[in-house]
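Look at the two complexes coming up: chain A is in both, with chain B in one and chain C in the other.
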Partner chain A sequence: MDLSLSTRTVGDRTVVEVGGEIDVYTAPKLREQLVELVNDGSYHLVVDMEGVDFLDSTGLGVLVGGLKRVRAHEGSLRLVCNQERILKIFRITGLTKVFPIHTSVDEAVSATD
Partner chain B sequence: MATVELRFSAQPEHVRTARLVAAAVARRSGVDEALLDEVRLAVGEACTRAVGLHRLNGVDLPVRVLLTEEEKKFSIEVGDEVPDEASGTAAARAEADDAAGRPHPSTPGSGEPGADDGDDDGQMGLAVISGLVDDVEVIAGPTGGSIRMSWPTTGPGDLP
Partner chain C sequence: MLLVEDDAGDALLVEELLADSGLPARLRWVRSLEDARAALREGVPHCVLLDLHLPDAHGTAALDSVLSQAAVAAVVVLTGLAGEQSGLAAVAAGAQDYLVKGRVDAELFRRTVQYAVQRKQTEQAAAALQAERMRAQENARLERGLLPVPLLRADPAVSVVARYRPGRATALLGGDFYDVVEADDGIVHAVIGDVSGHGPDEAALGVCLRIAWRTLVLSGISGQALMRQLERILIAERSGPEIFATVSSIALDCTNGSLSLLRAGHPGLLLHSAGEVELLDPPFGPALGLLSSSGDHWQPVPLKLPPGGAVALYTDGLFEGRLGGAGVARLGEDGLAELAARRAGLKGAAFVDALIADAEEATTTGDGFADDVAVVELRWEAP
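Up next is the complex of A and B:
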């Protein structure tokens, strides 16, 4: 399965809905999307991972890269994820302390801190 | 002898195939259904690391994956053809480039591991593997390295 990406704006946030598998082959596509958004001035991103079937460390690297980019503009990058198998990899790598992880897009777009 | 042996050219697009094959053989060998996600992720990380090492060092040989059903366990070995010394040299060169602020000439922002801001030369992949798998061994040798991992099985023959 390939990676699917779609974006929409909710208030001052940009929601990136990701579906499929994020791995060494597909991660560059996600990176390009995040870079493009930041270059276009979207600094408050919500990455909705509910449709993600697989995530590996390459994907984590891209998300960390995205976070660095938005932070350079005092922005934010929030994740939406309820899937235990995806959350597990964030816990193993200690990234649950780095990314705010929300249970719904609504919660993520209204979060302020 | 391995139950299933897979060799693939060091291209990112083949890593998914390796994951699918490994998970299918693991299931067939009696690895608990609940562990299959771990198998998939661990073998994917190991293959991603091997692909990255081959590409970084310009090694034109395939990556090897050995899937072996043993008594009460299922083991996976992912082997690369990058000698210990060469992979060390590549890592050192990448570090030197980082220090000097130079871009890595062999990782031009393509799909290679380590090409993103989260550049780690496969270290995050190794961290994930060691966090996931209880029985894991990373071997570096003069002719190449390998990652060996195993999972317990409930015994073959449960599946048709």
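Up next is the complex of A and C:
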């Protein structure tokens, strides 16, 4: 299994659509994508996890790393996720308190703090 | 090949030597160290021919600068007729060889450049091999640090089984760790944890957290304070702000079998008694290092072991393997609990080893766990 990534701009947000499995092998690819976006000046990110089949602790670390990066630029990182097994990982680790998690890309894109 | 030479006449000579030597190399000529650095930024050639008297750098300063930017290139220094000494000094400082201008013919030029490049490549290969060896030693050292000997007093009222399996991902250690110690008051403490990410930094942090936990427990720190102090240490010692750790820590009172659990973002645990295995998912606080505000996140959860009962802690590598077939389904904690229930008749090491083997068999194509796996089981040998 592999990881697929695609990005698009919606207003002032950049939506990263992730598909496949985020694990020890594929997480570096997602990290590179997030680092690149921040380096290019995209500080308001929405990571769409609806197509993600699996997420492990390395993947969580990459998302947390992305959040710390955008925050350094007063930015934001929002997640879109409705899958119970992935939400459970966010809940157990306490990441639901760290990431705003939305049920749709539209909701995430229009959300403000 | 990059020629760094400010004198146009000398440069022309080198161009002719190269043409006559028959070496299949293209020459790029720059006149100053600054231009050389710019050229090296675009790409590092196999060989750099460096005049030691440049308008913007002299002697070993010029050499050091080139070497720092082109560590993989063979550097051959060009010196004047009276420059034999500076040529030797350059070789001592890291150049592969030197050529004395005016005393070079095409054949000497060819041999010098060819051998310099070959020597450099051999050197690189040897360095890579050495690095590989160092890494293997480092892994072994870290693995020893991650795999402690339980610190129990004589005739303990508990039996401990602990297992650690490194993941197959590039044979690197992950950040899983565990430990077991008995405090002065006879309470037996066990911990299991998982530092996010994989690699020597994470493994080293795992060792650091294990020692920190051991020290805190032996110093009588427990409950919320234990997790708070562990988190402080994690934040101080981690290599990047995105690193976090999940931890479960238990304290077993061997006089009555009561257990106290502290759970920070870590998976559940298995309770094993009287031929039955139950998966517990007790209340928890966040993983360590995630939330910037420190607070009372980690409430101790009271549990109870029956006489002869056991509690098994594990890391996510044990249940995150992909099930066989073409699908994307993973074993999951529920799947793990089912496997454990089938082995409920076994005890101690036999139970733990069978569970690990079953999980591995259910989830791999025969090449081992992808992630590292740690399991630690405490069984209360009731008085």
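One rule holds for everything that comes next: the second predicted complex is superposed on the first by the 113 of 113 C-alpha atoms of A that agree within 3 Å, B and C clash if a C-alpha of one lies under 4 Å from a C-alpha of the other, contacts with A are read in each partner's own complex, and residues count from 1 in each chain.
The definition used in the following text is that a contact is a pair of C-beta atoms (placed from the backbone, for glycine too) under 8 Å apart; a residue touches a chain by one contact, two chains touch by 3 or more.
Bear in mind that the values here come from a model prediction, so they are computed numbers and not experimental data.
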After the overlay on chain A, what do you see for chain B versus chain C, clash or fit? clash
Based on the superposed arrangement, let me know which partner A:41 touches: chain B (first), chain C (second), both, or neither? neither
Looking at the overlay, does A:11 come into contact with chain B only (first), chain C only (second), both, or neither? neither
In the superposed arrangement, does A:93 touch chain B (first), chain C (second), both or neither? both
According to the stated criteria, A:21 is in contact with first (chain B), second (chain C), both, or neither; which is it? both
Once the shared chain is lined up, is A:65 touching chain B (first), chain C (second), both, or neither of them? both
So, A:54: does it touch chain B (first), chain C (second), both, or neither? both
After superposing the two complexes, find the one stretch in chain C that runs into chain B, choosing from 6-14, 132-140 or 150-158. 132-140
Would you tell me the residues on chain A in contact with chain B in one complex that are also in contact with chain C in the other? 21, 23-25, 54, 56-58, 60-62, 64-65, 68, 85, 92-93
Going by the contact rule set out above, which residues of chain B touch chain A in the complex? 12-13, 15-16, 19, 37, 40-41, 44-45, 48, 51-52, 109-113, 115-120, 124-125, 127-128, 131-132
Quick check: in the complex, which residue numbers of chain A touch chain B? 21, 23-25, 27-28, 31, 54, 56-58, 60-62, 64-65, 68-69, 85, 89, 92-93
In their complex, what parts of chain A are in touch with chain C? 1, 21, 23-25, 53-54, 56-58, 60-62, 64-68, 85, 92-95, 97-98
Which residues, counting only chain C, touch chain A once they are in their complex? 167, 169, 174, 194, 196-198, 240-244, 246, 264-267, 284-287, 290-291, 297, 316, 320, 322, 328, 330, 332, 370-371
